[in-house]
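Presented sequentially are two complexes of chain A, the first with chain B as partner and the second with chain C.
This part shows the complex of A and B:
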């Protein structure tokens, strides 16, 4: 294999795949990146067996070929070189050489025979949509996934494809985030539910491109993003019936300035119990107050909130961290929070929705002691 | 050294008392909280008016209704009982430096060294507490005070329905001497039959036997019960709340690589620790596992968990830790498990709570039954 390429192009390709390389692995070859030079392109592939990314960059090929190279050593070198032309080649013993104005560097690669092949996707169909919309939907749901390995279904994001709606849902059992998009093209005929691991989605959200194609198979999902493809295993789990827990009759409504209410939560929660982060929201037509108390530390905090409240008086407890995480995902000037009672989920929404989208979050309260 | 003073407080005919608070028209009437006779229900609590007819908790409702046809049968309302129990607990904790809820209607308090708190005798202080529980919450109670938990509980039974009985330090054996051996925890039907074979009917008779005789004829468990009859017993209250960590470990008689055996040991340990958590009404947020290999090298692992007191959750996590820690392929000499980062409440309620609520009810029922018999009658199993 022999090709020449600019440092900038190679660096860009590497940065696209390197984050998938596992930090620790029992299979040493996964610590490598696969290079394949053919048809005017260098194809770079990395995998941790759950998520695989492959991308291509244009290079000037003198001799096609393939091998795997130690990712850390190689990427460190490229990162620390200026943007100059590089001459890269390998010999039959898989020794890789990088030559440039600055010097010559040699490292040991390996044959790509042992490198895991990319998954075959037996496609049910595909969905095409604006990549920026998908990226936003991912950002506004992944914060709510669970890290609890005892509930593996909740460690991923649920993709639901309906005739006219494409939904992403995430929950950790205490809060839930749902994003709906109605502008997409789909060849998927039947209603489809798949759970996608969060790691894959974090990678998808990084790519700034125009259009993304999502291909769904039996065990894997593939995201086609221009020159880059990301493959992910689908979690073989049953997602809980989340629609059942979305309350339909939350008759009390708080409307407030998003930043103002978030800042008040931040200040008051400094005085909450550091383990439970419990804050109390006391609402009536006359006044709205947020308070917190840490009995062990002897600390208290209270703020009156300038907001509009409709409905009967209500006192409700929350973990301030959960509410703040939800508020951080509201992009509108005003936020609307709907309540039913002190033990039911509160609904948090932006005051107006982006065209063709719908955002909704749920946060479960904390039981107040009195 | 200050004399140890443990109080056992029992809310008299608690379920009946709560039902009477909810329905004042039942005050003085013969009522029993019981399942329906045609549903093979049993009596969970009977008022003293009904007990006179020989009705007791655990009796089939059909039989109870035959013995006492005038009894008014009432369905149980556990949420209300929980609520009232919680109020009493909150009240008692104000006067209890060390406190252990033994069940929904029974509590232990360690009043050792609290003379200043009493401002007089311990009995007059106990009377004040008893009066306040009656006046503030409408709940009658009985109280026993002694130098250990078992004697305090027996004294309390002796003081029922509404009295207070203090056994002075050193007077435990004399108090127990004339009592039927049946009052001792751990004396069930089988043990009672064995004791009767040797013509032992009172605690005093059991107390006087030589340890050799007891061990030979009644085994180690017999020695344990003889200790109770002699007025001995633990005065340690299960108060994980005061501690940073609760843990248990076991050194094996022979080093082992038997996975099934290790899992079984972990399961028993998680049952024990989770019971302490539930008794103390706290949940743990961190689990620790310790292994000691045959070559005396220790391996420890720990993991953050969602707050829990459920043995199934803790066991599952313990198995994950074991899989992570047990990497050396050597036989294991010791295994231990610990729980820490205690708190009272879960951070937020669960959206998909149905299973959890059912499970909480199940755990409560199991704890209730085990505490009634003062030993593990029902054990929570595993899916393995």
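This part shows the complex of A and C:
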């Protein structure tokens, strides 16, 4: 294998795949990146077996070939070189050499025979949409996933494809985030549910491109993003029936400035119990108050909120961290929070939805003891 | 001819001797007591053949004049009391006037004594309880008692004696106790012409280090408290080191080594489960009490003492021990921190923190004072006292919530990191502290659970997806049994059919997602523990804390670690987990310096 390439191009390709390389692995070959030079492109591939990412950059190929190279050493070298032309070659013993004006560097690569192959996607169909919209949908759902391996289904994000709707749903059992998009092209005819690991989605959200193609198979999902393809295993789990728990008739409504209410929550929760982060929301037509009390520490905090409230008087407790995380994902000037009673889920929404999108978050209350 | 005869005095003395003089060690005890009563500050004990051959006690006390020297061997001859009223107030060891008569009836005794006033000393030789010779001889001030051929005329008793080594061990153990109680007296012991030890005059801590051992003493807490006319001071092993000590217990009342079950029970109860089951704490405790508050005259060797108000004694001891444990730094150290003698501060508890050398004065809980006074004036109901004796646990909590002053233990700075997702390491003033994350959280949750049962129920986080759980009939009945308690822990559980429940809410401070597991494992743990006769609340608190706590292997963020540390030090017993394992170990800079051979 022999090709020449600019440092900038190679660096860009490397940075796209390197984050998938596992830090620790029992399979040493996964610590390498696979290089394959053919048809005018260098294909770079990294995998941790769950998520694989492959990208291509244009290079001037003198001799096609393939091997795997130690990711850390190689990427550190390229990162620290100036933007100059590089000549990269390997010999039959998989010794890799990088030559440039600065000097010659040699390192030991390995045969790509042992490198895991990319999964085959037995496509059910694909969905094409604006990549920036997908990226936003991912950002506004992944914050709510569970980190607990005891319920694997909740560690991923649910992708739901309907006729007219494409939904992403995440929950950890205490709160839920749902993003709906209605502008997409799909060849998937039947209603489809797949759970995608969060790690894959953070990689997808990184790519700044225009259009993304989502291909769904039996066990894997593939995101085609221009020169880059990301493959991910699908979590073989049953997602809980979240629609059943979304309350339909939350008749009490709080409307407030998003930043103002978030700041108030932040200040008051300083005085909440540091573990439970419990705050109390006392709402009536006349006034809305947020308060917190840490019995152990003897601290209290209280603020009156400038906000609009419609409905009967209500006192409700929340874990302020859960509410704050939801508020941080509201992009509009004003936020709308709907309640039913002190033991049912509160609905948090932006005051107006982006065109062709719908955002909704649920937070379960904490029971007030009095 | 009448079959009932009055025994001769000689026979009577021999019988009495069986009570007072059980073995050579008893002779040593009686003689040392006399020496101390005589105001000696140097006592030399010489023993041969484990005391069977020779016991000699030489002191530099006040001595006796020639008349007394002869009289002292008579039964009921004593210089220490003269009337019944005196007996009520007696502070000296001896007072019955029995010891010498008893000893001399079963051995050959030679008494050599001289007072400061007399110019020559008196020598009295006794054989079989009768004076065989009285002479005068120049001698040093003080008294020398030589006891030979013990039990020569009581072969049965002599045959019961153990080997020389065993008898000698009993003797050393007797001397050890006196040495602890009288640090200002020099004790020297010879056995078979070999000097075994010489304990020079010292202060209490120094003497204890010599007698008990430096290593054990460095793992002790200092105790010094005065209450209800009883002054208690001494040293207790830190709970986490109970296994390192041999579990020796020494109790002294006004300088007299005694055994008292109430005190032992109070101390064990105060340790509670801060020490592993079966382990015994080490303690040396000195009680000072007014003579009219107790009776020494219940046991021939005066080893047992009867207190007028044993319940009051229990309370005093329990709180004294409990308070010192909850406030002192009990962090096991890899090095041996120096033991500083605390400055006795009346009615206050003063103690040393090895980690920060400032004495914290903890006012005793007002509840404790009032409950004590209540019982004094007889206003406290019988029930209260009885309940207290059954469940000291309850009282303890009441007391401790009243210790309003926050505990300043170790100031763990914000510099923390996690080792192998298992231990939290943090820099502290004196070096570094290593915290076991699981047991630390377990301790926090345990105390929170107990608190939840008592007063502040834990908040319940409502679940988005209520969990339906099915149990076996047996487990379900256990669950029903503790359902009200579980609800105070923050679970909201609805029964649904005969063996099914729906969990609607879980404790707010339990990590997300574990609900089902925690509940199932709690039932299992509860079952296992219930065989051990635990109080159901305590059992549930233990099961809950063990199963809900973060596990070894759970990664923690810096914030989580800091919060864990803060909460840990807000606990009443931050140093040992509910099962008795240590939570924190510290490694001092000094130790590190030593390892790196800097010092």
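Quick note on the criterion: the second predicted complex is superposed on the first by the 370 of 370 C-alpha atoms of A that agree within 3 Å, B and C clash if a C-alpha of one lies under 4 Å from a C-alpha of the other, contacts with A are read in each partner's own complex, and residues count from 1 in each chain.
Rule of thumb we're sticking to: a contact is a pair of C-beta atoms (placed from the backbone, for glycine too) under 8 Å apart; a residue touches a chain by one contact, two chains touch by 3 or more.
Note that the structure is a prediction, hence the values are computed from the model and not measured.
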| item | value |
| --- | --- |
| Superposed partners chain B and chain C on chain A - clash or fit | clash |
| Touched partner set for A:364, first chain B, second chain C, both or neither | both |
| Most chain A residues touched (candidates chain B, chain C) | C |
| Partner chain in contact with A:274 - chain B first, chain C second, else both or neither | second |
| Which superposed partner A:295 touches (first chain B, second chain C, both, neither) | second |
| Touching partner for A:245 - first (chain B), second (chain C), both, neither | both |
| Of the stretches 351-359, 459-467 or 585-593 belonging to chain C, the one that collides with chain B | 459-467 |
| Intersection of the chain A residues that touch chain B with those that touch chain C | 148, 150, 171, 173-176, 240, 242, 245, 275-276, 278, 319, 343, 345, 362, 364-367 |
| Residues on chain A engaged by chain B in the complex (per definition of touch) | 148-150, 171, 173-176, 240, 242, 245, 275-278, 318-319, 322, 343, 345, 362-367 |
| Residue ranges of chain A touching chain C (in the complex, touch as defined) | 146-148, 150-151, 154, 171-176, 240, 242, 245, 273-276, 278, 295-297, 317, 319, 343-345, 362, 364-369 |
| Contact footprint of chain A on chain B as seen in their complex | 285, 305-306, 313, 316-317, 320, 341, 343, 345-352 |
| Touch list for chain C against partner chain A, complex | 456-457, 459-465, 492, 505, 508-509, 511-514, 517, 563, 566-567, 570 |
